[in-house]
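As written, the chain order gives the labels A, B, C, D and E, with residue 1 at the start of each chain.
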Amino acid sequence: MTDHPALALEGVGLRIGGARILDGVDLAVPSGELLGVIGPNGAGKTTLFNVVSGLIAPTAGRVRLNGDDVTRMPVHRRAVAGLGRTFQTSSLFGALTVLENVRQAAQARLGGASSVLRRPRGADAATTRAREALEEVGLAHRAGQQASGLAHGEKRKVEIAMLIAAEPSVILLDEPMAGVGSGDVPAITEVIRQLHRGGRTVLMVEHHMEVVLGLATRVAVMHHGELLAAGTPEDVMANPTVQQAYLGEAV
Amino acid sequence: AGGGGDADGGETPVKVAMITSQTGPLAAYGAAYQAGFEAGLDYATDGTGAVDGRELDISWDDDQGNPDTAVSKAKDYIGQGYRILAGTAASGIATALAEQAEQNEVLYISGPAATDAVTGINDYTFRSGRQTYQDVATAGTFIGDPAGKHVTVFAQDNAFGQGNFAGVEAVLGAQGANVDGVLVAEDATEFTPFAQQILAAKPDLVFVAWAGASSGAMWTSLQQQGVFDTVPVVTGLGDVATYGAYGEASGSISFLNHYFGGAAGTDAEKAMIAHLEENGAEPDLFSPDGFVAAQMIVQAVREGGDTVDGMIAALEGWTFDSVKGEITVRAEDHALIQPMYQAKLVQQGDGWAPELVDTVDAETVAPPVAGE
Amino acid sequence: MPAAGLLLVAALAVLPLLAIDIPGVLPGPTYTPGTLQLLAYAMLIAALALSYRMMFGLAGLLSFGHALFFAAGAYGLGMALDAFAPAAWPSEAIFLGAIAATLVFGLVLATTVGALALRVTGISFAMVTLAFAQAGSVLIRRNPGGATGGDEGLPLDTTHVPDALIGVMNTRNLYWVALGILVFVYLVVLWVERSRAGHVAEAARENETRVRVLGIRPYGVKLLVFIVASVLAAVAGMGYFLLQSGAAPRIATADFTLTILVIVVLGGVGYRWGAICGGIVYTLLDQRLTALAGSDAIAGLPAVLRVPLSEPLFILGTLFVLVVLFLPGGIAGIPARLRSGRAQHPLEKEGATDA
Amino acid sequence: MSTVLLLLVTGLGLGALYFLVASGLSLIYGLMGVLNFAHGVFLTVSAFLGWEVARRVSDGTWAGLAISALVGIVVGAAVAAATEYFIIRRLYERHIEQALVTVGISLAGVALFEGIWGSDPIYTKQPAWLGATTEILGARIPNDRFLLIACAVLVLVGIVLFLRKTRYGLIIRAGVENRQMVTALGIDVRRSFTLVFAIGGAAAGLGGVLASVYYGYVSAHLGSVLLIFAFIVTVIGGLGSLTGAAVAAVLVAVLQQFANYYLGGTGDLVVVVLLAAVLLIRPRGLMGKAA
Amino acid sequence: MSEPVLTVSHLFGRIGGQQVVEDVSFEVPGTGVTALLGRNGVGKTSTIKSVLGLIDRSGEVRLAGERIDRMPTHRIVQRGVGYVPEDREVFGGLTVAENLRLAERGDAPGREFVARLFPDLVARLAQRAGTLSGGQQQMVSLARALVNENRLLLVDEPTKGLAPKIVDEVADALAAAAAAVPILLVEQNLHVIRRLAERVVVLSGGRVVHTGPAAGFLDDEELVQRHLGVHDDHAEPAASAPEPEEAPR
């Protein structure tokens, strides 16, 4: 392990047409941490993830992955460098089967995904790994189904299976529980915990406070594009500003 | 003429494939050509449709204005044993068929397609119409002695227009005229500024080579910008459908002409018109091309026997009376030496009708021998 | 399936030696040059459609410029043969050299156009490809330096072409060449589609951002598919040039690309052999409808029926509309449709209910 | 100087024609996502029927022109609405197939028109004033260009006001984003889409009649010629942006004129180069909405 | 129990040829909140969409006695059905005011009520809805349904993806609305259900497996566990028809 934080943001800012979407975000996430990111709707959480994963270029500041400046690195190279993410609204390859979806992720990790010379085979390393990942999220029985026909919660699980298969070292989860039935929440929570236990660094945006409190080692709060506070879950929950801006009377 | 006579005797019909546009942009030309051909066949065979007792088995087919279709059909016919091919008004198709004729050693008599390239292209290819050179040379007859005159060619920047420009340079330039060109992109739709350009050049004669739908707008522009007020304008008179295209300019244009109904006054023409009218058609620009094609095919069969070489020999150097008068198939390059016309449009009722101004002698407008 | 495929290819290969006559569909028995010519033409169009399907159906790249590469093959070969004509090398060497030069030309052109056009997506991509193709089409018609023959087309200079490929009596050989090209294109397409890159292309069609965050650069894969499809189109174009003994500017127009698109959809975008079906059915229809339009049966009809029915393109266009409306899987989708009763179109994205 | 002015004004006139066709295309694409290849057919059929009626009523007079314009607008709207109602509607949300059927319609339409009216252009008559010129700063400008420009401006303003100010405009803008949700608010959105087609068709119909004035003829291919430029204009302007289409129409037409005149007839090449350049630098076009 | 406002009998729904609602029967009483519950993918959204005619459906659906299962969606809505879709589905390119204006039918008596309920929206009438935060968009979506006089509201997961504070606000709004109009509510958040719902209808495998009072269901841990609880096999209930706790009429 290096002494660099797994992910560091230094003064990250984003303005779109005069609006400040992100404003001077400083954040260091040490390796192995599970950081919960909470904040009111529209605080800029998703946008922050987009900046980290490279889908949006920040207008100020820099992003470091394991100490390396990746601010200008294209999306796919960041992924190769070990950054994985899910999306707030599930985004699978609708026309592909569940297995093929996960297999793409595994193949991307194993390399040679774009080779014309080689073919994906039923028994190659990527497929095996994809099957294992599906097993892990409990969706092995859906492997052959077309992804667009899955229900919402299942799609979420497939996305996590894709992360498992891609084995990133830093993971960004954008509201993994959104739309997931209360009955399934514990199962997915458990899968995320497994992901984290494997030594990975996880950033998770989530509005389900039980989930955040149950998983996070540290919680960061965003508000109006700024990082309000970061600390242990207990500290953050006790923070009156957070209560006022985010939690209301709930919990 | 030396016919490589044949043993089979006169019983088997002679198969002839006529490939021309029945649909597509040149369908109207195809129709005129076909009607002219029927008349010519009737004339040349005295209404029997047979040559020395041998039936002529004529198959008409549509090239759709598309060289691919034409080539496919030509191959089909050649494969079925056809030795005589004729037709098409499209230059692109004519050159493609000429190529097939050479590869497969069959006789091909091209239709109204005007491109000079067909003349002398190979031994197997003849033509039944006029060529661009003859058009241009006819235009030259409008300015008396071209020496020292300034001629501006106003044409589209496509094969037809470029061919005409080159033709004018070759014909009138050689006679001492000073030739320049205003070539307009084929797809241009706005001609007003070019009319200005013509005026700025201050020519003694403007030669317009234009085909297609945009001619109406083009003439309007020349008229609006006052070109006709300052300089004589010559162009080719097209088929009947285009008589309305010149609009108000009609009366101010001098036309060179390949043919219009009543231009020639020959016996053959009378026979043709009679036959056409019987069949509900009227004489048009390309009626003689079909007529001539029929005469040439009959000649080839009658004198050439069954071998292609024989037919070629029968046609080369052949002189005959046709719609436009006396016509010669020049032996060297198969150019068709024929008279041309000067004409004008006169108001007739609601529309315009052509009137003969002068007949231009065949030799005056004969192209130089190709490839020499 | 491979066995059936091999059998089919074998059957097609011996066709010129048989005398099968399908009146109304083929102009004559299968050994006659006319029929072989038609079939060879259909197979080349099928090969072209197949290459287009790979780009459109697999990678979702809606190009309006595919004709450019077909024309590049045809005109490229023609111009190369012209350019090499005076050279003193043996004819065989020149012929092969011209083919190689054309392939290189196609490759360079495809790489350039693809590299630029793929910087944008969707309709913009379609329009950039259209722009390039249109520029190509204008150039060909302008006849720069007399190289392309302009409107009149570029004839085949037969000096260095093997005798076996010249003349109607050798149409059979050209037929085999066309069959060879079709099989070759099919195999390449199959290979690419089954390769990992093919799967990535398919995934990128569905959700490009997702592919990127997985760590794969879709640009490279899409460019690859574009280049392979374009070079295959050029190969088909070369076959076409030999078969037709020339090239006409028509094959470089946007209309021609649209025709290919029509063929692919007619055959069924979701199926590889759909493109082949489409190519063959379209070509035969195109031919036969002309015959039908000129037939006496139609000439005898009242004007309301006669006028539309005597226009082959009207029938074809209407037929196409009907296929899109009522046969969303195309011809190749008919069996699947019969089986499932009602099938979702393979191109269709996730239903709106999920949006 | 007068040449430049002539090029400019005639370019504006041509641009106006492009805009009349492109406005409908842009509207239909922007609001419904349909790349409408049948637009040329709407234009052509309107021009033909406008001519057929005008020549029976009073050929070559202002009344004749007004009637044919009216007929053109009505026919364009009716044919377009029928196309939407009977064909496009059955394929909702399937944009590629929608574009494809319109390709089929355009193939069939052109062939049908050739069957009915022949493949030769039919020359039309206009009021004398339109055939005359007006001299401005030494340039003799054909009068019909002024008519074209005026009509295009009216159409632009009319459509923009319609979309901004009326409830139908609101429904249409919403329907573009999420058609199902509009239905779920109790609105029959299909009717609005038919309306969009009708408006686009009406603009094309007017364009068709004016095109026959501009070119001096009607023919089965009238629409196809204009359609390709209208597409280019629509895309350069930004798909779905009417003002973008207007700006691009003028830009393309004027550029085309100048290149044809000064750069040896390279107008078409310059236009496609412009198209490629604009898209590569700014993929959503000059005024298109961000993707 | 009051007269049912919505009666659904033997409803089947299909998406792209796939059966997603299978023989569902239940009714919504004329007052209060009825919660439609079930695990992910059981077909809650699809049931609501079938009722509205947004997907292919067959069966019998009556709104206050009138058959609506053959009507196109816009007619059903015009009969007085408000719909708040699963993912807000506001028109991002339109302003808040335009979103509301679009939804208004007739004289829209709910205007005042909406203005009182969501003062935040009144301040943002001219803002484009696409630039609102998720919570504000949810407000717009609710407001669109509340501006009209309705006989029934269909509300699909209104708290999904919302911050806890906003969840409370939305629940408040729904409670206020429920005083005037019956609501069929799909919701995953058990706190919200507990607070609002009087009755529950539970779906599993596309079928109704339980209907009854909310309190009774929520307090029965075993029942909750069985129908909403952790299962790793989704396919099972669809295959073997489970016995309903209370037979749907």
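We adopt the following convention: a residue touches a chain if its C-beta (ideal position, glycine included) is under 8 Å from a C-beta of that chain, and two chains touch if they have at least 3 such contacts.
None of the values given here were measured: they were computed from a predicted structure.
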{"item": "Partner chains shared by chain A and chain D (touch criterion as defined above)", "value": "C, E"}
{"item": "Chain pair, D-E or A-C, that carries the greater number of C-beta contacts", "value": "A-C"}
{"item": "From chain C, the most remote chain by mean C-alpha position", "value": "E"}
{"item": "Chain centre separation in whole Å, for chain C relative to chain B (CA means)", "value": "35"}
{"item": "Chain B and chain D: spacing of chain centres that average the CA atoms, whole Å", "value": "38"}
{"item": "Chain A-chain B separation of Cα centroids, rounded to whole Å", "value": "75"}
{"item": "Whole-Å gap between the CA centroids of chain C and chain D", "value": "31"}
{"item": "Per-residue multi-chain contacts in chain E, two or more chains", "value": "16, 54, 87"}
{"item": "Residues of chain A whose C-beta touches two or more other chains", "value": "none"}
{"item": "Residue list for chain D, restricted to those that touch at least two other chains", "value": "114, 178, 180, 268"}
{"item": "Footprint of chain C on chain A - complex, ascending", "value": "53, 55, 74-80, 83-85, 87, 91-96, 100-101, 103-105, 107-109, 112-120, 148, 162, 166"}
{"item": "List of chain C residues in touch with chain D within their complex", "value": "62, 116, 119-124, 127-128, 130-132, 134-135, 138-139, 254, 258, 261-262, 265, 307-308, 310-321, 324-325, 328, 345, 347-348, 352-353, 355"}
{"item": "Partner chain D, residues of chain E touching it in the complex", "value": "52, 54, 72-74, 77-78, 83, 85, 89, 91-94, 98-99, 101-103, 105, 144, 148"}
{"item": "Chain A to chain E touching residues, read off their complex", "value": "19, 38-43, 88-89, 138, 141, 149-154, 175, 178-184, 186-187, 207, 209, 245-251"}
{"item": "Residue ranges of chain C touching chain A (in the complex, touch as defined)", "value": "191-192, 194-200, 202-203, 205-207, 209-217, 220-221, 224, 228, 346, 349-351, 354"}
